[in-house]
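Think of it as A, B, C, D and E in the order they're written, each chain with its own count starting at 1.
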Amino acid sequence: MKKAFPILAILTAALLGYAFYEAMFVAPTDQMQGDVYRIIYYHVPSGWTMFVFFFTNFIASIVYLIRRNPKADAVAVAAAEVGLVFCTVVLVTGPLWARPVWGIWWTWDWRLTSTLVLWLIYASYLILRRFSTGGQTPVLAAALAVFGALDMPLVYFSIWFFRTQHPQPVVGGGGSIDPSMLRVWMISWAAFLCFGWLVFWLRYRLEIFKREVEETHSLEAMLEEPRFR
Amino acid sequence: MSSFWAITSATLAKDLRLEWRSKDAINSMLFFALLVVVIFSFSFDPTAEESRHIAGGLVWVAFLFAAVVALNQTWAREMRNAVLDAYRVSPAPANPLFLAKAFGNFIFVSIIQALMTPLFTVFYNLRPLGPAWQLIPVAILGSWALVVNGTFFAAMSLHTRSREIMLPILLFPFSIPALVAMVQATNTILTGQDSAKFWIVLLLTYDVVFTVACLLLFETVLDAE
Amino acid sequence: MSSFWAITSATLAKDLRLEWRSKDAINSMLFFALLVVVIFSFSFDPTAEESRHIAGGLVWVAFLFAAVVALNQTWAREMRNAVLDAYRVSPAPANPLFLAKAFGNFIFVSIIQALMTPLFTVFYNLRPLGPAWQLIPVAILGSWALVVNGTFFAAMSLHTRSREIMLPILLFPFSIPALVAMVQATNTILTGQDSAKFWIVLLLTYDVVFTVACLLLFETVLDAE
Amino acid sequence: MTHSQPTNGSSVIVISGLVKQFGRFAALRGISAEFSPGNLYVILGDNGAGKTTLLRTFAGLARPTRGKVILLGTHDLSSVSAQIGYMAHPSLLYDELSGMENLRYFGRLYGIEGDQRCADAIRKVHLDPSLARPVGQYSQGMRQRMSLARALLHDPGILLLDEPFSNVDACSASEMVNLLGTIRDAGKTLFVVTHQAALLDGVADEFVLMGAGKIVSRPLERPLLEGAPR
Amino acid sequence: MTHSQPTNGSSVIVISGLVKQFGRFAALRGISAEFSPGNLYVILGDNGAGKTTLLRTFAGLARPTRGKVILLGTHDLSSVSAQIGYMAHPSLLYDELSGMENLRYFGRLYGIEGDQRCADAIRKVHLDPSLARPVGQYSQGMRQRMSLARALLHDPGILLLDEPFSNVDACSASEMVNLLGTIRDAGKTLFVVTHQAALLDGVADEFVLMGAGKIVSRPLERPLLEGAPR
């Protein structure tokens, strides 16, 4: 485990560098938007990665509710945190891009709104984890995660019913893209996924480690005699 | 199954009796809702044409906040003297308790709505240009959406620190889709520009999905210690 | 006199400690503020021209909501385990308790305001056309008006008998002048059409009158059994 | 240390290796024991010994951190909850309702209809079923007795009573003891936590002494008690 | 019936014709009595006899419907409240604060600065001042003792204790009794409501029996008690 990490880290860094190179220098310039569009190689992969992690959180929460396996809970926390970070990236790169292209930072467009809702939901998930007292945190959090996952389809399927300013999804939607751009997209996405997975893995290890430490402490506490009655 | 409904109705009857004795929730909701109506009518000219455009938002924000005030009280009553423990050791299943609480809150919110709607209509000089009867399903589905999730999250926030503020923190993000649907449906009906059908269907879906989810998960949340 | 302030500050410190048991409290408040603003933005189209006209109303409704959430909590804490009796048997006078509670709620509402104002400004694209600094006294005086009466009436409502009659019937008409003044002052400053001076003076008078009244009457209310 | 009773297929409660932790603090530190039906067990111990925590795990209100509780032969405590009567430190009653209204509600949770059984339960603890005053206005001892009535209402096979006699006057307490004796003689199993062991001398079948999260001795060599139990 | 003590200028508490009604129900039905300083009075009586109500009128928490309470020579109870220590059925403590934090706050109400006296009060009831756990997580008996510590904190001249020993284990209870004895010997006046009269046998100066809102007999002929009080 300890040896694997540096190797993976180096590989990921290399992949990220390569993706950066492809995005900045290899991919063709957009006819309408010029070079600003290159932010797409960060915006979109972050969006996809975020979905991957939120979905992981959902699955892990379900597993936890059924099996009550603490590892599933550790996966759920880690996934929610990493997912929230990528969601933040989407929410930051989106307006950065919107400003030159649409002329405004933000609009209450359904797609943007739903991304904000997603962010809020997972932020409240993490806040609940902070604030709940005692040993029931994982149960409550898992229940909340299920609610979050249920909210998403409602939010996202309604995209098809709206005319939004935001481009339609390429996969399953009406959008289309140049194949050479698609290639770079895929590379960036792979790089982001690797990076996300690496961070997630670290966070997961940390969580497991924390729990082990707590376990040891509580075992110690059990052995020592109480100081008073 | 019949005992399921017997317990639900017994719990609901008990809650209504308690509320009738103290009038806690109703009073604070009513007070708050009245203030909201008055504030808004003072703060801008309610006879203006555009009032119709924002009325949906006003009404539902007022109800949402009023509901939060009431929902915060729901479970507090069960925590005093640890009465909830008495429910938990009994063979009664968890869901009747949840349904009774949700129905109870639904009744409160409906009462507030019944009282406030005439006020709003008068103050804002509202006259729906679309089919007015559609407001009734919107009101029912919308209130239920607020209440079913609110009851669930209020139960959740029992186990947290700073309980009162936890409820809106959990409830608001999850109810945004429903809220948007309610507001849009109301506005569409009031302005009569479009059909509210899509929004009503969305609300209905939301209600069904979340009621089922609450019923499936409530026992877990109740028994978490 | 010095013991008066010592008790006030001890009580305030105790309340803040109870409230701030965790360092995350501020985070959760920030989040709460964000949610309220977002909820409003969904419900009203904030880019509309008239947003400036209704902004005063919106802002104060949001603060009122935050205040109600805080006020509901204030005395409930003292009733648990009958802790209030411990205060009443002590030689400490009643008013420090009242002031501490009012200050505590004031701090809470002020933090929410401080967090929410920038958010509102951004989301609603607000730019006061009148003298912006006047918003500060309006905010302070307005919050105090909300909080001082709210604390008093929340204390009254401890005794169920009086609560039924008192809370909506008294608090409501009494708060309206203050609310109107706050909303009008804010709107006037935002639109820059007029001078807000009259409203500020009205608020100030209201605050002084009601603070004195509360201090004079609080002991009676507290000792009523 | 843990238990000295022969393993017995018909035990009402079997616990093994029971540990309950609150954060870093262990309230129960590995308890194994068996309890046979039809007995009245008196649980003694210092404040903070873990008596309440033990009763709460029996009632299914606290989930053990480690270890098992088998109640009436099953792990699934909720399936046998109709057989459990639980009385706690707090009254578990709605302060704003009268005694009768309280019991009527709790009766419904157990499928009990009609006022007859509620009134009987209230009379058993020597209170007046027609008292209209809300429970919040009862005196402490009256509330305590009403709480016992709630626990007895559905005639459970296992009664878990957490300090039923505290705040109860001497005369009512001895009546309550007789009542518990009658219930035991009807074949029920009772667990009574108390600090007034002498009161139960006449009816207790076995004294269980707890200390620092463990069962210290059982049956108790009773250094505190004078008379021998039946 | 009412009292049999000679009227005495130096009485700490004089009550005459005390009536307390809750709606139509009279919890105190015309009590007159005097209590002299430096004594430990034990108040006995059935549940609902009015003991708690009597202590609450002494403490100024309940206003008599009729009749008078003169405390340390004055009618104005709030002017002598620094001389009163009161312990009730509920703990009068904030569940979310630790014991030390609780006492520190209540100390401020009496003008007590610094942790020394708070820690002393906690040690007096055999708890640990450094325990960081919030009081809500204490066991019932620990909370009860912490509540006594709160009442003792400002070293009051008159102590009103409502069932201090309920839920307290036998060993701690006898330590508490000794503590009360010491306090009495330091010249304070104590009123202790309890249902465990036998516990206080050794230290009580006088037993006061209440029944149905009246003082039934005083000094008590003690049918319930074996040993003679000092």
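Everything that follows uses one rule, which is that contacts are C-beta pairs under 8 Å (C-beta built on N, C-alpha and C of every residue); 3 or more make two chains touch, one makes a residue touch a chain.
Note that this is a predicted model, so its numbers are computed, not measured.
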item	value
Those chains which touch subunit C and also touch subunit B	A
Which two chains share the largest set of C-beta contact pairs	B-C
Centroid distance [mean C-alpha coordinates] between subunit D and subunit B, Å	40
Centre-of-Cα separation between subunit E and subunit D, whole angstrom	29
For subunit A paired with subunit B, centre-to-centre distance based on mean C-alpha positions, whole Å	32
Of all residues in subunit D, the ones touching two or more other chains	22, 25, 46-49
Contacts with two or more other chains, residues of subunit C listed in rising order	21-22, 28, 31, 35, 38, 42, 45
Junction residues of subunit A - those touching two or more other chains	113, 120, 123-124, 127, 131, 134, 229
Footprint of subunit D on subunit A - complex, ascending	134, 217-218, 221-222, 225-226, 229
Residues on subunit E engaged by subunit D in the complex (per definition of touch)	22, 25, 45-49, 52, 89, 133, 137-142, 144-145, 163, 166-173, 195-197, 224
In the complex, subunit A residues that touch subunit B	65, 113, 117, 120-121, 123-124, 127-128, 131-136, 139-140, 143-144, 146-148, 150-151, 154-155, 158, 161
List of subunit C residues in touch with subunit A within their complex	22, 24, 27-28, 31, 34-35, 38, 41-42, 45-47
Residues of subunit A touching subunit C in the complex	107-108, 113, 116, 120, 123-124, 127, 130-131
